[in-house]
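In the part that follows, the structures are each spelled out as structure tokens.
One chain, chain A, links the two complexes that follow: it is found with chain B in the first and with chain C in the second.
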Partner chain A sequence: MLEYSIVAGILFGVFFGFMALGLNLIFGVMQVVNLAHGDFVVLGGYLAVIAYSAGHINPVVSLVGAFVLFFLIAFALYFPVIPRLTRSKDPEMLSLILFFGLSQIIEALDVIGFGNNPRSLPLAIMGAAPWHFLGQSYQMAWVITAIVSLVMIGATYLFLYYTRIGYAARAIMGSREEAAASGLPVAQTSAIIFGVGIGLAAMAGVLSPFMIGSIDPSTGLGLTTIAFAIVVIGSLGNPLGSVLGGLVYGVSVMLMQTYFSSWSDLVPYLLLLIIVLAKPSGLLGKGVRNA
Partner chain B sequence: MLSPGRTHLRSHRGVNALIPLLLLAAFSLAPLVYANHAVIFQMMAFMVLAQGVNLLYGFTGYLPFGYVGFFGIGAYGMGIGIELFHLPGLAALLVGALFAVVVALILSPLLRLSGAYFAISSLAASEVLYNIVANPALTHITNGPYGESLVQSYHPLTSYVAMVVLLVLTTVLVIVIKNTPFGRALLAIREDPVSAEMAGIAVVRTRTTVWILSALIGGLTGAIFGWHLSVFYPSTVFDLSISILAIVFTLFGGGGTAIGPILGSVVLYGLYNAIGISAPQYFELIYGLLIVLLVLFLPGGVVSLLQRRGSYVP
Partner chain C sequence: MNSRKHSAMIVGLSAAMLAGTLAGCGTSTSAAPPTKNISDITIGTLYAGSGAFATSSLPEYDGLKFWASQADKSGGVFVKALHKKVPIKIVAYNDQSSVTTATSLYSQLISVNHVNVLVADFGSVLTSVAVPVAEENKMVLFDQSGTGTTFFTPNNPYIVLTSLPNSGLWPDSLAQYLIGQHYSRVAILYDTNDFDQSQEQTLVSKLKAAGITPVYNSGVPTSTSSYSVLLNNISHANPQAVIEFGYPNNDISFLQALKASGAQYKMVFTIFPGQLPTLFTTSDGPSSINNIYTYPAPPLISHAHVNYGMNSSQFMAGYQQAMGHSANFLNIAGYNTGLIIQKTLETANSLSQLSLRHAVSRFSGTIETLDGKFQINSEGAQTGETLPVGKLTTNSAGKVSVDLVTPLS
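For the complex of A and B:
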């Protein structure tokens, strides 16, 4: 049982790290907590479910479509909303409330468009044969999801560390004012990162029906909280931090499910509270506590 | 806002005294005019909750997404007071209030966090409370996921009167805080905690006091609500949409004023009753859009339209 919990925890952890990656990027570059993050994940999930049930499109193909579609949506959403927010009196709080409103809008549209019933994808799409490891067997869909997640986290890492936009994004994470003063295109870079962040959320959403069982319109807020916990556990702005946070989360949830199953729903919330209260600045860097 | 509060209170004493009196009159007479008492009762409950959120968010800038935690724990304190300690209704209310205050004291370290960290952590805290109360392991205390039934202490009239009293008292409290040095200390903390500390304001004590007051209000509302409902489940009294509605009502009317949350509750709860019960998703869509538009174009709420013109808003 212990081996199973740990290996399954790692598979889930890698996925949840990937799920939190977009939140991490947007938070790092724009100082905006995208409270609608989980709802974009859910939208990605609906895209995969509908593409599969209507057109028998394999979720691996939907991944690409989800990224492109949601990158464009988010890129278009950036310009009317974010610059107006950053100019306002209290950008951090107002953006939190605004994205919370957006999350309500998406949730309502989900109910109107797809109904309240949970939707899922059959695990067998990704191969019916289980994966055997150390005497236990795991769903092939979990393994493929974990591999895709790792590849995407790696790609994001390369994007941030080896492209010009990535350099600019990391400079803005360091200091927005200094980046602007050095002539970096702050607005365009932020818009691209906003698009990438939400595109990654939707990609994780395509895989989410395999990992969380089923999705319904109200799944989003819980996913946002989990993603926030993971971002806080790992370090801000570094994709590898998300992997660390995801692994801590995944393994703790699996261990709790094995040994104290009725308390396992508490894990993400307790982890979040413990981290923010015990070591907020240590794991995050700057500006978390005020007195 | 910078003029001394005492003169403010004196020069606007009439307007300020009028608000609680109007509320008292309106909600004492409303059941005689309007037959659906459940709607009137819930509107009052949301008004009190919105004032509780207002006390915290409007005056200190801490946005409590998990405010429903106090409401739920208050309702369960009430339930435990009646079911386990066999107390009469009004005494059990105090157990509910006590539970909320104890939880607020335990959670007071959350106030060290700012902005989004506080908001999301308070949400996490309310989920923790929900999962503890609803846990099957605690069935002998809270009846776990199977809910509380307080039918032997069901007093619709007493609980209605209790809610009217709580609403009036809470409104008076908000008006008093707004017009005294304590309220200005809170506003100073909201604007800049470090400068407030340097100006001689005891930041930690002041914000902890208002946090406990706000929790007490939420807890009492939950206790009276649970009493009035008499049968409830963890998922009803820890429903996150209770926090959400209270926050939206406050934002719509305008935080940091006494009239804003009342205005927001009357208008939006009225709207909720008109369309929200038969088609909740359309109501959710409308208030989602409303939040986005408010943040972008009217961050101070409806009352800021008056404040901009220089009028005094109670």
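For the complex of A and C:
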């Protein structure tokens, strides 16, 4: 049971690391906390469900559509909202309030548009036969979801480290003022990163029915809480920290389900508490963020 | 002589105290509202327009509204205390699945809206806050589906469970079936809330009484959505029967994970496929509930001896026509609550809350609705309806049918 919990926890954690990646990117570049992050994940989930039920479009294909659609939506949302926030004295606090409002609006629109019933996708889309590893059987949907998540995490890494926009984004993560003084296009880079962050959230949403069973309009808040815990565990503002935070979260949840199942929903809060007390800068700390 | 005097004094004192208590009750509760000016009966209730309970709360509320519209079509319901038919008016607020919001809104219905009849929102969580508010304000709470065993106590006359039996009674037929099938290896996975935990306790005690100790028995938070590791842990216990007590979202995720795991058991039981089959077939396809054991409820099963209100087929047709979509069990539960309120008003001699409560006790056991026999015990808990166990079968078109494996009372 221990081996199964650890392997399942890694698969689960890779997905949740990917799910939190967009939140961390946006915070790292803009210093705003997107409390509507989970609601964008849910919107991505609805897109996948509708695409599959209406046109039998495989969710792996929907990933591309979700990214493009939500990148454009976020890009359009950026200019009237984010520059005002980043110019304010306390962008973190103001962003909490603003995105909380946005979260409520999205949830209400979800109810109007999709109803309150939980929606899901048949797991068999990703393969009916389980994956056998070390004498244990794992759901194929989990394995494929984790692989797709890993690929997307890798793509984000390449984007950040091997493209001009990625260089600029990392420079802004280090110091917004110095990046601006060096002539980097801060506003355009931030807008693109905001689009990428929301686009990644929607992509994670497309995969979410395979990991969390079903989605409904109220799912977003819980996902935001988990994503927030993951980025704090890894390191707020460091995208690679999300991956580490996701793995810690995933393995902890699965071990807790095996040995203390009644307490498993305490995992994100317990980890958050431990990290804040023991290493407030997160597991990867500030040094890596600025490297 | 002294002892006789002493006894007489105690009896006298007790009688005085009892009279005082009753008088106290009378001043605040039994005083009937002035009847001359009553132009309608106001029913106050809450619904969850969003949040975790919206899926179940809204259909139940729709069922209640359907009942009110049907009653008003015929000029209202007969109110014995007024000797005439009076229209029904529903006052409803959206609690958004929040117990904090629900607490203040229940109080608002009583103290601001001065409703004649108070109806709880769906389920044990949102009913749990209504119970103390109703008791404190000495209002009878018509509890639609809050079946938690802790709501019903000998000292609280202000609650009536209308549409489902007390959750502690739900697993009676399930335990009977498991014991009858000689399943000695039973695994139980339950959510840690009043509704599911009370079922787990009943099932475990009944199995233990038959000499069966579950090979796996574990609680998980109600928010659980990932069942892969839990199912793997269950498989290590090598059970013949796997019982999962959860809410609809839990059941959907559990059955999905079970199918994906490829594990096979002689019997798998979950609660809600029998109440909301369409929700399951649309979520994960018809095969997700094929061969699953459950508590089948109307309209999947129908009660033959309905002597009050519409029968199952009349309801399904009427509801479809009025609301534009087919009905599920929760619509029936809401409609059934309306029927119980209707019978209460037809029976009560006055509109005081204690008179309403006494009226319910008077007709308890005499009516059978499309939801089954309505019978309550002295604490207001429903005991007439029993939930049989059935095995679901589905075809590729999504048609769901059920074979009862325990008798329908």
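Note that the second predicted complex is superposed on the first by the 276 of 291 C-alpha atoms of A that agree within 3 Å, B and C clash if a C-alpha of one lies under 4 Å from a C-alpha of the other, contacts with A are read in each partner's own complex, and residues count from 1 in each chain.
Just so we're on the same page, a residue touches a chain if its C-beta (ideal position, glycine included) is under 8 Å from a C-beta of that chain, and two chains touch if they have at least 3 such contacts.
Just so it is clear, the model here is predicted, and its values are computed rather than measured.
Applying the stated clash criterion after superposition on chain A shows that chain B and chain C collide. Once chain A of one complex is fitted onto chain A of the other, the partner contacts of A:Phe228 are limited to chain B, with no touch recorded for chain C. In the superposed model, A:Met1 lies in contact with chain C only, and not with chain B. Contact with chain B, but none with chain C, is seen for A:Leu94 once the two complexes are overlaid on the shared chain. Legend: residue contacts after superposition of the two complexes on their common chain; A:Ile105 is shown touching chain B, with no touch to chain C.
Judged by the touch definition given at the top, the superposed model places A:Ala141 against chain C, while chain B stays out of reach. Once the two structures sit on top of each other via chain A, chain C runs into chain B at 224-232, and not at any other stretch of 206-214, 224-232 or 296-304. Looking at chain A, you'll find residues 107-108, 111, 262-263, 265 touch chain B in one structure and chain C in the other. Partner chain C is touched in their complex by these residues of chain A: 1, 4-5, 8-9, 12, 107-108, 111, 116-124, 128-130, 136-142, 211-214, 216-218, 222, 253-254, 257-258, 261-265.
Every residue of chain A that touches chain B in the complex is listed here, in rising order: 33, 81, 84-85, 88-90, 92-98, 100-109, 111-112, 221, 225, 228-229, 232, 262-263, 265-266, 268-270, 272-273, 276-277, 280, 287-291. Residue ranges of chain C in contact with chain A, taken from their complex: 49-52, 54-55, 58, 97, 192, 218-221, 223-230, 232-233, 236, 248-249, 252-254, 256-257, 259-262, 279, 282-285, 288.
Across the complex, chain B meets chain A through its residues 61, 63, 109-110, 112-117, 119-121, 123-125, 127-128, 131-132, 135-137, 193-194, 197, 203-204, 240, 244, 251, 280-282, 284-285, 287-292, 294-296, 299.
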